[in-house]
Each structure stands twice: as structure tokens, then as C-alpha cells.
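Common to both upcoming complexes is subunit A, partnered first by subunit B, then by subunit C.
Right, the complex of A and B next:
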């Protein structure tokens, strides 16, 4: 919890990750609406666009979770003062907060630039929320792995993308169903998949994090 | 032991390939024409003997890689990591073979090499995951750190395999035989003789995997011993 508070405090001061994520989503959304703005989008394309932007914005923001500690030289202090589990939990919650903010910024922006005319809004929100949860759950450990490796930029995306495929498939599918005004019962599989994936990835990360974090 | 194994593998592989083209009858499939169902020969189905065991070895290879990664994290013994590396490489190669043989089948049966079928996608994703594993290996210079970090990634990545292989193709629509073509006794596509040959193929592919794994692990250990020797000479 203290780690979460510390990260939020330093994020409020610098706004590095938040700026990266929000500006990235605004820029991509602007490009997309240039290309498609005058056409009506089918739910399939619309849902894919939302998730592509969420995915790449997350890649831009979350890759720095652990790299910043190494760059600021605070890694050792963190290792000394907190247990691995505490560090992981703090970082995971911070990533979750970042992605939550991203969702909150992204959907109103979509409403302005590429409006979603009608949808099962509850399902859309739950799908995005659970998707973000699964995203944060699977990428926090990868971010810790990447911070240990030499090349930092592209490696995070290369390692995260295949692991996130089940999340993206289920996320796109739930969003598409929400835009098709499908009832809740139709999206049970997707929601189950997102919840179970997030649960498995979190449990596994708790077990493995110490091996990455401590020498 | 290793010397004898080579001959066992060779004999098994030769026997399975010969039997696939002689002992095993040509598969048949039902055709509906003029309101009647007739069974017609289906020689293309033979690729099944090569395709499915490849996919099995790919899964086995990744599973073994994960187990030996866990063992490495417990013992921190480089010998465990050698097995994990060799097994990931073999899993990767057999995964590529399964993908290629699947594509040949797809060209013949579905009309195109690549159909964006969920099965094809998930196998491609598996290749990406283990491509990431090798990329990560080459990105970390320090040897102990490299072994530790890639072991974690290997365990983490393997958890996605059941999701990719079993869950995603069921969420999406697929053309892949296992849900569509029934290979059980009633459907008549595979009879008892084909089934025997198929099990022999599973056995001989597994023997092949064990044989190559053994060689690959020994190469890795020898090359490390060599490096240690050279370093010792330099120090001396």
C-alpha cells in the first residue's frame, strides 16, 4: 500500500506515465478518426479499435513500471525496505489505477470522435474494466522481467503481446457483443475467461516475482 | 544407452513411415450425392499421422521446458536450465512443423494456406511466445541472471498454452478437424488399423524427441565446460 501511495505521489509530480498513456491514446484515436471518421464503423471494427488503442497505450505506459526504479537508483532502497510481495502488489495496483484512468479518458474521447451510438453500457464497462484488470495482472511481472534485460524498449511489447492474446480476444469479443446490444447471458464465457485469466496470472506472479526481484 | 537409443528411434521412425503407407488403409469420408451417402477415399488424411504427433511433441516440449525451469529456480543448477533450453527449442521446431503440415492440409482442404483460423492463430502465437523466450535469452548478458529470468518467463508463458489450445478455439469458430471431423469409431474416418499406426507414430515421435533432446543437452553442457576450460587456461 505504501508503495502504491509512493508511486501515485511521484506520478502526480511528474505525470510521465499518465501523459504517455493519455497522449498516445489521443494521437492514435485522432489518426483513426481521420481515416474512418466519415464512415459508420461496424461493431467488429469499432471494438477492435478500442482494444488496439488500450493495448498499445498500456504498452507505452506500463513498460516503465520497474525501469524507473532502476533509472532513479531507488531499486536497492525498495529491495531493502519492502518484501517482494508488497512491491509486486503496489506496482500491480498502480498499473491498475493507470489503466482505469485510461479507460475513463478513452471512452468519452471515443464518444466525441467516433461515437458508439448504442450499446449495452454495463457490459461494455465491465468488459473494459475486467480486461484492464487482466492486462495489469499479466504485464506487471513482464515489466519486472524487462527491467532486468539489456534492451528495454521493444522487448516489453514482444514478450507481453502473446501472453495478452487471450485477454484481447475475450475483450474484443465482449465489447463487440456490448455494441450489438447483446444481453448479459451471451457474454458469460468472455467474462469468465477474463476473470479466470486475471486470477491465474496474479497467483502465478505472486509466486514468481521474488525470483525476478531478488538476486 | 544413448547409442542404442539412436537405433531404437531409427527403427521406430522407419517402421511408422512404412506402415503409414502400407499397413494403414486409405481413409474414407462420406460424400452426399443424389440423396445417397457413399464412402470415398481420402488419401490426404494421411498427413494426420505427421501433423498430430508434431503438435503433441510441441506441447510436450513446452511442458518439459516449464518443469525444468521450475527445477532450475529451486536448485539454481545450470544443468536444469540446459534441459529447459533444449526442450523449448525442440518444442519450437515441432510447433513450426505442426504449423507447416497444417498449412499444407489447409491448402488442400480449405483452399488456402492461411485462413485466419483460430487454430492457426493460436499455434502462431505459441511460436511468438517462444520466439520471445529466445529473444529474452539473448538480451541478458549475465549468465545466472539470464537463466533465472528466462525460467520465470518460461513458467509464466506456459500457463497461456491451455488457454490458447483449448479455450480460445472454443470461443471462436474454427474449421479445425478435432471439433468438426469426428475421428471416433462410429464416424468411420479412422479404423482400428489406422489407430494402431497413429499410436506407433506418437511413440516414435516421442522417441525422436528424447533422442534430439539428449544430444542438445550434451552439446550445451560440453560447450559450457569448454568455456570454463578456456577461462581456466587464461587465468593460468
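Right, the complex of A and C next:
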């Protein structure tokens, strides 16, 4: 929890990740809203747009958690004082907080710029929440790998995309069903997939993180 | 008493060999000075001792005061490390940095202890200023505070006097002697003539 608290305090002061995430969301939604004008979007397009924004906003912001430590040289002090498990948990929870904030900002923004007329809001929220959990679980490990690379650039997105395809597919599907007012039972497969994916990625990350973080 | 046993230590980066078969035992209370020309592996040697680098060959074994082998957790708790490649969080004050690292090390929060340490290192009146607003010399003192946090049994100092004024250098000399007298193993990587005099033993790296 010390690392989570430190990262939140640091983010409040520097806004390195939050600015990137929120600005990306606002700009994308504003552009799409301007382009589509008064045309109502179908649930398929709405769902895809939500997950495109979540994915690219995550790519813009989440890699910063480790890249910033590497670029500023603070990872040496972190390696000297904290175990790999502590670091992984702290960074994972911080990424989860960032994505949670993104979700909280995103839906009201949609309602202002590209209104969702009706939806199974509970299912929409659960789908987004579980998708964010799965995103945070997998991208935390990828961010640690990317931070060790000499050329970081788009490496985070390139490495993350193939890993995140199942999350994006399940996320889009559950969001579309929520907007089609489908009952909960229809989205069980997607929810199971997101929960299993997050569980597997968290377990894998626990085992692999130390070897990525050290040396 | 703590001890560091180094046996046939070697390290290579790509095809370039930096350390070749270094063997030495450093006992608690000793002040070992590591010297050698640029690129001879002084900093690499310290980084391996600190657990930041994995050696290409050989071993580093720690003996704790109770006679056990030092685990990774023990090393994190009881090793102090200062080097030019160490950076603290610039957006935080020296006190906030120490508080965070104390929690990460499992030392718990103790503001009096951290303020006292910073006070003895001449940062008493800049406790709450972000590090980004401090001079390079004062930042070096904050880094020294990081290294001394928790009264380490193993103190690894890489060019500790860099960026420090005369008072700061005297502070380093006093600290090194004080920690060795209390039974800590102190290793200093340097080519500075004044810091070379601090050693009770010398390791030459070619």
C-alpha cells in the first residue's frame, strides 16, 4: 500500500498519467461527436467506441507507472527497498485506480457528447469494471517489461494489443449487450471470460514479475 | 557481526568483461575502499553487493549478525546504498521520501526518527521543500539520508563526496567512521584522495 499511496500522491502533483488519459478521452469523444452530429449511434458503434477509448487511453497512461520510474532513475531506490511483489501490487492497484477514474469520467462524458439512450446500466458498469481489472492485470507486467527497453515509444501498445484481444472482444460484447437491454444471463460468458482472464493474468504476473523487475 | 563473502565474482556486459574473479571477505567494522580507473567495475561491484545486478559468475553471500545467511528481505532492510545513479522522488520533500522508503522497507512511520536523521545531515531547515528545489549538494545529502535510513549493517557508498562541499565531505568521513565503529561493513568506491584515506583496506580493480 505504501507504493500505491506514493503513486497517488505523485500523480496528484505531476498528473503525468491522468492528463494523458483524460485528454485522450475528451478529444476523441469531441471529435467523434462533431463528426457524427445529430445521428444516433447504434449500440455496436457505441460499444466499440467506448472500448477504443478505454484501450488507447490505457495505452497512453498506464505505461507511465514504470516508464517514469525508469526515466527518472527512481527505480534503483525502489528496487533497494521494496520486494517485487510489493511493487507489482502497488503499481497494479494504481493502474486499477486510474482505469476506475477513466470509467467514471467516460460514461458521463458519453452522456454529454454522444448520449447512450438506454442500457442495462448494471451490466454496462460490471463489464467496464471487469474489463478494467483485466486491463490493469495484464498491462502492469507489460509496462514493467517496456520500462527496461531502450526504445519505449509505441512498444507498450504493440506488446499489449495481442495480449488484450480477449479482453477487448469480451468487453465490447458485454457493453453491446448492455446497450441492447439484454438480461444478465445473456452476458454470463463475457463476464466469466473477463474474470478468468484477470485471474490468470494476475497469477502469471505474480510469478513472472520478480524476474522482469530484477536485473 | 555482519560479513560479506565474495567469491570469484565476475560480470560481463554483452561481450565486455568488467569484473574478473574478484574474491574478498568484508567483515563488519571494516572500511573497504574500492579503487580503479574509470570502467574498472567499481560501481558494478557495489551494485552487485547491493543486489541490483546479478553477477555473470561467482557468488556474494551475506552473513547476518545472528550467524544466518542474509536473505533478500534482510538485505533490503539492512543495506544502505548511495551512488550517482540513485535518484529520489523530486516532487517529494526529503522527509516525504524518507517516510515512503521507511514504509517500503518495513520500518514503519516515525517522523521524529526521519526528521532527526535529516537534521544531522544539515537538512533540518529544508525538510518540507520538494527535492527539485534543492541544490545538487543538498540532494546528495538527502540521498545519504536514504542510505543511512534504518542504521544499515552494510553501507555501500559509490563516490559519496561528489557534489558535496567541504562540510559535506567531513560529514561523509564522520559517518563512515561512525558506522564502521558500530560494526557495520562499509564499502566505498572512489578515486578521491580524501575518501581513499577513509579505508582500512583497499581493493584494487584493474
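Going forward, the second predicted complex is superposed on the first by the 215 of 215 C-alpha atoms of A that agree within 3 Å, B and C clash if a C-alpha of one lies under 4 Å from a C-alpha of the other, contacts with A are read in each partner's own complex, and residues count from 1 in each chain.
Note that a residue touches a chain if its C-beta (ideal position, glycine included) is under 8 Å from a C-beta of that chain, and two chains touch if they have at least 3 such contacts.
Quick caveat, the model's predicted, so the values are computed rather than measured.
A.B. asks: With the two complexes superposed on chain A, say which partner A:81 touches: subunit B (first), subunit C (second), both, or neither.
C.D. replies: After superposing on A, A:81 lies in contact with subunit C but is clear of subunit B.
A.B. asks: Give one of first, second, both or neither to describe whether A:35 is in contact with subunit B, with subunit C, with both, or with none.
C.D. replies: Neither partner.
A.B. asks: Figure out whether A:185 sits in contact with subunit B (first) or subunit C (second), or with both, or with neither.
C.D. replies: neither
A.B. asks: Return the chain, subunit B or subunit C, that is in touch with more residues of subunit A.
C.D. replies: Comparing subunit B with subunit C, the partner touching more subunit A residues is B.
A.B. asks: Quick one: classify A:163 as touching subunit B (first), subunit C (second), both or neither.
C.D. replies: first
A.B. asks: State whether A:155 touches subunit B only (first), subunit C only (second), both chains, or neither.
C.D. replies: first
A.B. asks: Where does A:204 make contact in the superposed view: on subunit B (first), on subunit C (second), on both, or on neither?
C.D. replies: A:204 contacts subunit B only, not subunit C.
A.B. asks: Shared contact residues on subunit A, subunit B side and subunit C side combined as an intersection?
C.D. replies: In the superposed arrangement, which is not itself an observed complex, subunit A uses residues 215 for both subunit B and subunit C.
A.B. asks: Which stretch or stretches of subunit C touch subunit A in the complex?
C.D. replies: 50-54, 72-73, 76, 79, 81, 83, 85-92, 96, 100-101, 103-105, 146
A.B. asks: Can you list the subunit B residues touching subunit A in their complex?
C.D. replies: The touching residues are 73, 122, 125-126, 128-129, 131-132, 135-136, 139-141, 145, 148-149, 151-153, 155-157, 159-160, 163-164, 167-168, 171-172.
A.B. asks: What residues on subunit A touch subunit B, complex-wise?
C.D. replies: Per the touch definition, subunit A meets subunit B at residues 141-142, 145, 148-151, 155, 158-159, 161-163, 165-166, 169-170, 173, 189-190, 193, 197, 200-201, 204-205, 208, 211-212, 215.
A.B. asks: Applying the document's contact rule, which stretches of subunit A touch subunit C when the two form their complex?
C.D. replies: 2-3, 5-6, 9-10, 13-14, 72-74, 76-83, 86, 214-215
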